[in-house]
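To keep things clear, I will list the structure first and then write my remarks on it.
So that you can tell them apart, the chains are marked A, B and C in the order they are listed, and the count of residues begins at 1 in each.
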Amino acid sequence: MEEVPVIKTESLSKRYGVLFWKKKNLSLDQLSITVPRGAVFGFLGPNGAGKTTTIKLLMDLIHPTSGSAEVLGKPVWDPSVRRRIGFLPDAPAFNGLMTASEFLNVCAKLLKMSKAERKKRVPEVLETVRMTASADDKLGGFSRGMLQRIGVAQAILNKPDLLILDEPLLGLDPYGRQELKRIIREQNKLGTTVFFSSHILADVQEICDHAAILNRGRLLCSGKLGDLLGSQGISVRLTDGDDLVRDLLPEAKECQKKGPHEWELTFEKTPDSEKRLQELKEKHAGKVEVVEQWESLEDFFFEKIEQDNGGEAGKEAKE
Amino acid sequence: MKEVWTIAENACKNILKLKVVYFLVACVLILVGSMYRYNEISLNRHRELLLDMSLLLNQVAAILSVLSLTFDIPRELREGIAATFLTKSLGRMKYLWGKVLGIYAVACVVCTLIAIGSYIIYASCFPEPIFLIYVKIQLLIILSAIPMTSICTFCAVSFPEMAAPIIALMAVWFSSLTHRLKIPVLNGGILPDLDLFNMKEHVIYQVDLPWSYILGTALYGVAFAVFVMMLSGIIFRLRDIK
Amino acid sequence: MKKEIIVSLIIMIAALVAAAALAPVLQAKQREINPDKDKLSSAPVGGMHKVVADWEWMGFINYLGNLQTVDESNVKEVTARLERLVRLDPKFERLYLDGLSFIQHADPKKTVDMLDSACRLDYLRNNWKIPFFTGFIYSRNTYDIKDQNGPPLMSADHAKAAEYFRMALERTNGSPENHLVSSYIREVAKAEATGTAPDREYLARLRFLRREWAQSQQAGGMEQPSLIPDLKDRLRTAMQDALHPHDIYGRDFDPSPELRELADKIRQEVFYDENLCSKCLHPAKPGSKFCTTCGEKLSNPTFTCPHCSAAVEGRYMFCPHCGKPFSDTRKDDKAK
């Protein structure tokens, strides 16, 4: 049986500016994407592409002009589905008069968690985001990074099936980014599908297995990262492999010595080479590491955007 | 329902935590007590003045308490605080009801404190007994906050942040004048007849008020509030949240 | 979502209908509890009429405190302030009794108009002082303070005065103050007095009190209480005054035959159970031949009881020998 996608949109469009005298702004144009269960999905695009608009539509904060969207198999306007979703908005804001644990308790109550569950879960999530020490401090005194952590905490409170994060890495220092990426990986390992938007392409490439690129409200491409990005070959790392190097060198595109008896070779990706290198790895387990090298997501991203913008400029020039 | 109580409890606690609320209540009571010193300038009408001022200030406190909705809801929407709650399994209508109940609870607490304090001041200054009629009139003041709360909610979700409190205040003001409009459906339909809750002179003139009248006005207030809240809910439901 | 909106719309309409149905019922109930609410000012004070009235009252007192007198130069301002106060708090009793007394001499017509409105207020329906004050103003000519010898600003209207005194009497629940009763009787007499005879007021008073007595006596002997307490004593006093009248300058004059005849009729109708002297009207012991106050010979009528035929000196409701009632149409036996 085909698994129901976690997120599914069909020709989703959003036009701002209802009043007739105001210029209509098409923020999202016929967006159709599918996010499979268990994926870590990166939603990319330049500023004003429509990423936040899409996320708000999925969270039923705004209404579509046309099209439809479903989350976890149910329409987005169904409040019951949000019990299974964790959401982190960009620039999260909370009531400054509440303490962190008070706020998380309120969120837990809204998620219909019992008293016992709350008592157990709130300290757990505070520990996960490394905010236990600040549990009784008022949110008004928190820094941006601390607020972001609390935002993540309230998002994972109910162990959601789907985590939607809007620009979660924005404004975080390197430690913060590292922490957040760790949390995303952990949640994904627990079975949570993660859907997030970001500008930091290197981080997206590091943790995502699916991606979509948006430009000017239109979807440029969407799918598995492996399918989108071109392969740049297979990299083989040898430790204590002087003998092996001699055997492999003729076929390698590139060869680098990394250290005493340590070598890194790059091969062209073909079905034969893949098979052969896999067999080599199995035969010399511990000595051989085989990693596929992909095209940089950043290069791919700019390529796509420039293609789209160039096409638009060409169209405008023709008109 | 639990979500509604959660939002209500949150809204109520956030305001009742503020020390400034109790400071203002104390100021009101000092003002009420100071009316006792007006005996000469009023030719011994200071008893009436004390009671009238306590009822007036309690009414003003009720209005200001519910007016906080016109600041609170737009601010939460603008800052994104509301978005955090609305993205939980909480419908928009429940969010509004939670806010309304929470702020109404605040109004009840503030008005009750002022009523009790004013009565203690009165009882220590004057021997004439007024307890039962005083309780009834204060109860009417607290009940008048029900339709006022719904008006403020409607203004909070329908009008821009700067205009909402002003429009709400004007609506409350005009609602106290609607008894001049003799068209019944208007009184239930556009603006409530807040004059039904205004029987303050009964405390001075010791004219009894039947409990059936108080119950009737409570039901009227609730019916009007439900009407306006449903309308507000529809508007809020169709609105985009930033 | 559409279903949710439809349900909301249905609830909204139901609540609107409920509120619209309750509102007129409550408004009618409010008018029943507080009929004077319609008299309130339509000034947009947000329902705070009472407290605005309190502060206006203090302003009014302060304003009056700066005036030496209320005369034609400032009576309009004072009146305007009073009218505003009345519209803000029509139930405020002292406004009428104390406040209006300030313009009583400068504008008596306005004063009685406002007092008349106060008399008709539901809340003040048991207040007797306001109609008494109204009657008091009507009972005499009111002159300009600065020109006491000139024409009156308002002439006395004894009929109106009597009307208001009667209103005050009706509101006292059977225990009026003496000066109220006296004022009422006096004004009725002045209103009903006709002709130019010097004893016209005495005649009018006796006729009025006799009428009141007749009304208080019902068929079957059951008495109806009169507004005037101690009616019999007052009749006796009025008769005594009538037999020794004096003019407005205090000079005695002889009562007219008409007056004497009326007094005698009243003596026989009202005081049949008392042996009154026909000259001075003081009661004498049964059996006395001469009055112990003035020495006049007493008529001492005797009557025959229709049941036991006993001879009874004096006129009574019931026979002192057999206890049965004398008939209504008593006929005097001839005096021995």
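Going forward, contacts are C-beta pairs under 8 Å (C-beta built on N, C-alpha and C of every residue); 3 or more make two chains touch, one makes a residue touch a chain.
As the structure is a prediction and not an experimental result, all values here were calculated from the model.
By number of C-beta pairs in contact, B-C leads when B-C and A-B are compared.
Distance from subunit C peaks, on a Cα-centroid basis, for A. Distance from the subunit A centre to the subunit C centre is 95 Å, each centre being the mean of its Cα atoms. Rounded to a whole number, the gap between the C-alpha centres of subunit A and subunit B is 48 angstrom.
Residue positions of subunit B with contacts to 2 or more other chains are 91. For subunit A, the set of residues touching two or more other chains is empty.
Within subunit C, contacts with two or more other chains are made by residues 1.
By the touch rule above, subunit A contacts subunit B in their complex via residues 56, 59-63, 79-83, 85, 87, 89, 91-95, 97-98, 106-107, 109-112, 154. Residue ranges of subunit B in contact with subunit A, taken from their complex: 2-3, 6-7, 10, 14, 17, 79-81, 83-91, 238, 240-242.
On subunit B, the positions that touch subunit C within their shared complex are 38, 41-43, 45, 48-49, 52-53, 55-56, 59, 91, 93, 173, 176-177, 179-180, 184-185, 187-189, 192-196, 198-202, 204-205, 207, 209-210, 213, 216-217, 219-220, 223-224, 226-227, 230-231, 233-234, 237. Subunit C meets subunit B in the complex at residues 1, 4-5, 8-9, 11-12, 15-27, 29-30, 33-34, 42, 44, 46-51, 54, 57-58, 61-62, 89, 91, 94, 98, 123.
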